[in-house]
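Shared between the two complexes below is subunit A, which pairs with subunit B and subunit C, respectively.
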Partner chain A sequence: MNELALIVFAPLVAGALAWLLDVKGIKEAIGLIGAAVPLAYTAMLYERASEGISFAVNLGVFDITFRLGQLNWFFVGIAVLVGFSAVLALVSTAKDSYEWLFALMSLSGVLGVFLAADLMTFFIFWEVMTFASFMMVLHYNRSASLKYFLLSVAGAYAMLIAITFIYAKVGSFDFGAVQTVFAQDAYAKMLGGQATFSSTELMALFGLFLVAFGVKAGMFPLHVWAPDAYSETNQSYTSMFSGVLSKAGVYGFILMYILIGTRLAVEFGAFRSASKFGYIIAFLGGLTIIVGGLLAALQEDIRKLFAYSSISQVGYILVGIGVGTALSMQAALFHALSHALFKGLFFLIVATIVHRTGKTTFADMGGLAEKMPFTFAMAFVAILSLAGIPPLVGFASKWVLFEAVISQNLPILGGMVFFGSAIGFVYLIRFTYAVWFGQRPTDLDDTKDAPLPLAIAMTILALFNVVLGIAPGLVAKELNKMFGKEIIGGNLFVLDLGFGKYNALAILIYLIAGLIVAAVIYFLGAKVRRVPVTDTYQSGNPVTMDYNLTIRRNFFLPLKEALAFWLRISFDRLYRDIGAWVEDLAEVLRNYIYNGNVQSYAWYLLIILLILAMWGV
Partner chain B sequence: MIETALKALFILLYATFVGFMFMGIIRIVTARIHRRVGPPIYQPILDTIKLLSKKSNITHGLIYDFGILYAVGATVLAVMFIPLGNVGVLRAYGDLILITFLLEIPMLGIMFAAMSSGNPWAGIGAQRALLTLLAIQVPLGFAIVALAEYYGTFSTYQIVMAQQTMGWSIAHLPLLLAAIAYDLVLQAMFGKEPFDIMIAPGEISLGPMVEFGGKHMGLLNIQHAIALFAETLFFSNIFLGGGVVTAFASPILNTIASLGVLLVKQVAVLLVATFMAAIFPRFTIDQAAKFYWKWPTIIAALGAILASL
Partner chain C sequence: MISAYYFGAIALILIGFYAVLVKRNVLKMLVGLSIMETGVNLLLISVGYVSGRSAPILSEGIGPSNAVDPIPQALVLTAIVIGVATTALALTIVINLYEKYKTLDAEKIRRLRG
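== the complex of A and B ==
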């Protein structure tokens, strides 16, 4: 059997087996093997990815084809790594075998999407992925899952329409064939000849793909499903859901560039140094960063905060893709990797907290750093990485992205990404403050640290955050291979873009040197005495544990007030209103058309007959 | 290797010393504006020595100590990347965006330490500090974008060299706008009125600093001195032509002269900030956010758009 088929179907088979057997201990083992097999095979195929491996099976009507190239390997690598960590964490947090089935099924789906070599395979696995993740959410919350399902269905059918449309004109689903036709079209258009697709048709295709991939990626204003769906499910699963499944949308956008990008660029021209259609994606990405970030800061629920944060970070990737130069594409891919790494880690931390305390709102937490030191250390890595603190991987990717955007003379996008970096800082500190520091509510006094499987899963992702941060050249080398030329120069520790350089090793060395200098001064001073949290300054008044010293609610109230006007505009409400309106319409139609009056049905018959008579039947 | 280490040590000592002098200058100038005599210029050094030699120190846990060390370490890191005349250790890697980030991350350490104390005033202070950071980021971002687009490079050292031939940045209209916005941002970065909202003495009992005493506060004083030096140095480098003097034959004289030139520019930046601080009362946090998102943003965005044309 081909390795690619093994990679894609191993999780699915393992999930089904785990569901059927449903024996404690065995189902976990099977599930783990199901996630470990793709990981092992992906690692083995690293050398052979450059030559391209393919797999095809004929299903009569159409073929299912997979192909592995450099780009696919990169995305598959992200998926299997974060997927394996998430599955490992599921060992501790899964409630029943139902979760094993659908979590592994969605891993299969996303791997199929990344490996697909034709549009039909792409669509089928896209649907498998959507369905499985919907079932995961449905297990916890019906209304959140339905919202996710409706938007996903809208996206998926937009894609289906686009695919049938392309098939009708091209006559093939194969990526290569489609790409050739569109590239020929682009040349024809440039030379003033006749093209297969008119510009209206092209605009419709772009719009349909924008909706299809925008929904999955959580692009503003199609992001509303994400906060509910990410929070109302098993948080171990969310680390895959947000880390990997949102990358399917990103991958879709890149695929759109590969398939019809040249044609779109030729047809619609350029806005400054970006193509016009790309600028639309980038601008929506910029809005996604800002909206996601600001809303993350105002959340009162730990899961919601990270859901919005996830949306915000995907915005960066969209900006990179939208700008559309080779460098910005590399930056987007780099950030896709680092987003998966740190956001996967974050949701595992959230899973640990929820698993150990059973609480999700900030108002119920505090002072956990002393009770869960290991998880806090992991959170520290994740915080530094997401906030973009050198020398972690989050900074390296963000840095490349910033330079890629700004060097293209796109000042408004530059301002947007800058704002995004500050807002990331802001909501993370809120998380840190409310969960880890300050006074601990007495009911959390016997909280234990992370269980072993979760701890291992977190360690894997944290190690990657640190190692790839100190040696960003490893990723840059992979990305350069994908584009066939050296776009990000430098060596293992240095990224060199020509107009800017980043040396992660120097940062590490000088940070350590700075810490040593500070530590020397610190240890030369007199000894410190440990005091309890209640031994504190409260305007000179005595404090006891009866007082709540930590600000746990509405931490960013001034921000809320400053943004009061903008917060009144809610896309969530808009979609709800449209939904209510459609339901009302259905009710009205039911009342008027199926009104239970025999005579009106007779009238319908008469009207139809009249119409037929007018046609002259 | 040893030469680099010596250079780094020199930069560190010089930055700390000059930073403390700057703190003294701020106090003297403010006093003179109020028709007071004020303390001697070396007063902040005495304060720091006193704080470091306190016999009794308290701690609220590991992060409380580590946060402070991290803040100092990160500030030392930041100052190494900024070209200091022709002394810079890592000036080849002195990337605009990197330095902008590095100047912000010491705050992370201070926040962590302050919040781990569990004091409610520290919580309020952290909230205000973060909102100030968020507010200044928009004009700051546009100012940096304007610089990068005007010069077509992100290397601070190359920007300094470009200003040798093209004249100071503030002589060009797009960058003048960026410089005005950045100068308004500096007020908040220094923690000076009208944007000293995060510390706000008299209003929230020093905010994040409320629980620190003894050697923790002493270390924070050192951090503040180096940060003051780094921020003024960065501004002088990117907007005021930096300090590259090649008039003398001897490299040592050149170095001393360029440090002197830089010092004059840094003091000028500092004095503007002090004058503003002495005559303006403090803003509330929502006023500050609305202010920064209005005028400085418009000015800086205009500069960025002009620079990109």
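== the complex of A and C ==
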């Protein structure tokens, strides 16, 4: 039995067994084993990832092939780590065995996507992943799941058309063969020869892949499914959904670079210092950051807030991929890892809050830090990491990304990513304050801390957030292996880009020293005044009661009013209107054409016969 | 120059079709259908006709080389039976329609159905 097959199929088999047995205690154990096997094997294969392991099954019509290289190992590592934590959290939040089946099935799907070595395998596992996650959402909310399903199907068809298109011309699904053909095309184009694909076909291919991977990654304007789907399912599962499954879209974009990037770059030329097609991806990524961030700030529901924030963070990764230098690619991969870590952690925290209080809106919460100290500590780590505060992993990855964008002199994209970071603080302060501090509603007085499985899952992810944050060199080493040369220099604690350095250890030491100084001042008796919650000011004036913006209700109402014009433009509404319009059109056609009058059907027959006669059939 | 057989047969089909398209009485539509069937059968038969040859029955002095094409005749024999069967079924439906709606006007029946 090959290790790769075990990694991919173990969760699926475990999920099916858990669903069939459906005994309390046993199904949890089976599910955990199913998620732990890929984790163990991925850790064991770390040494051998560079030599490249393959696995193939012949299904008669086509082969299912897997290959493990450095890049695949990196993504598989993210998937098994966050996936294992999410499955562990499911132990305390899963409603029934149905969820075990589909959560593990989607883990199998995403592992298959990351390990696929040909386009057909990639597509099959992509669909397994989509189907399983759709079923997870369907369990909680039908309309959200249908929205997700529709957009996913549009993406999947786009990908299928692109794949058949490539197969028709290349004659092989294998990544290596496809890559070779496109590279040869690029040379031929450069020397003015004949290429296999014309430039119109290439543009179509690029557009199709953009739609296919953009849907899964939650790229603007295809992001509309994500807020609903992320918030309307088991929140433990969402940590995998947002942390890992959205990375499948990111992986797809990187794959697009690997397969047809050379040809695209040659064909469409450059825009400023990025390639033109990459700039399109980066610009859409930038819009994703801004739109996701602003909408996250306006949400009144915790789950929705993090769903939008998740979209916003994936935007960073897209910017990194789009800029397309080796450094920005590394930054994108680094941010993919850190996003999976802190966003997985965030959704586990949300799962804990929802599990323990049963409430989801800010208005019903407050003062939970005293009641759930452990969860609060975890939330503290996650908040620092997402906001990008050293010495956590979120800072390191964002810093590399900013440096990558700035070093390429791309002012518009730079402005977008910096704006995204600022807006990140805006929505995080809301979460920090409204949930953990302030006055506690009396019905939350007997809230307990996180159950053990959730606590362990959170601890795993939080540890990785801290460790990889203090030692970003660990990640940098992996990324450099992928590219085969040292792009991010430095050692275990220092990232050195040649034009900038980030020393995580030094910053950690300064931080601890600063905290000690602050503690000394506090305990020596600094003047302290207890601030009541109502002590808020607006431009230096006390707030009147008729404009009551507490942190828990309408805190960002002024922002909402300022953005009123832009909020009227909503892609979600646009898609819904298009859907309603199509339905109306179909209804009208049905009424006029299929009208129940036999004689009009006879007329249609006559008309068709006449048309055929004129054609000379 | 189109032959008289073809012209007549296609004219019958068109006449029947005209009745189906524009008549409002259900019985008249059925009459139109029957006329169409007749036209189709005639057309089928005339396709297989070879001028100057006799019926395809092997007997004294008539071999395969001087008989008309037998295949359309077999087809038409089947088609006639099918036509009669469909007409009979349609007529039962017409009787039921009249019992239910007390009219045979297709427009009125549709209005009564709602």
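Simple rule for what comes next: the second predicted complex is superposed on the first by the 591 of 617 C-alpha atoms of A that agree within 3 Å, B and C clash if a C-alpha of one lies under 4 Å from a C-alpha of the other, contacts with A are read in each partner's own complex, and residues count from 1 in each chain.
The working rule: a contact is a pair of C-beta atoms (placed from the backbone, for glycine too) under 8 Å apart; a residue touches a chain by one contact, two chains touch by 3 or more.
Here the structure is a predicted model, which means the values were calculated and not measured.
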Subunit A residues touched - subunit C or subunit B, whichever exceeds: B
Partner chain in contact with A:597 - subunit B first, subunit C second, else both or neither: second
Partner chain in contact with A:506 - subunit B first, subunit C second, else both or neither: first
Which of subunit B and subunit C A:561 touches, first, second, both or neither: first
Partner chain in contact with A:514 - subunit B first, subunit C second, else both or neither: first
Contacts of A:418 with subunit B and subunit C, given as first, second, both or neither: first
First, second, both or neither for A:575, with subunit B first and subunit C second: neither
Touching partner for A:429 - first (subunit B), second (subunit C), both, neither: first
Footprint overlap on subunit A, where subunit B in one structure and subunit C in the other make contact: none
Residues of subunit B that touch subunit A when the two form their complex: 8, 12, 52-61, 63, 65, 68-70, 72-77, 80, 90, 92-93, 95-98, 101-102, 104-105, 108, 111-112, 115-121, 123-124, 126-128, 130-131, 133-134, 137-138, 140-142, 144-146, 148-149, 152-155, 205, 210-211, 214-215, 218-219, 222, 284-286, 289-290, 301, 304-305, 307-308
Partner subunit A, residues of subunit C touching it in the complex: 17, 20-22, 29, 106, 110, 113
Of subunit A, residues touching subunit C in the complex: 596-599, 602-603, 606
Residues of subunit A defined as touching subunit B within the complex: 272, 367, 369-370, 387-390, 395, 399, 402-403, 406-407, 409-412, 414-415, 417-419, 421-423, 425-426, 429-430, 432-433, 436-439, 494, 497, 499-503, 506-507, 510-515, 517-519, 521-522, 524-531, 533, 535-539, 549-551, 555-556, 558-559, 561-562
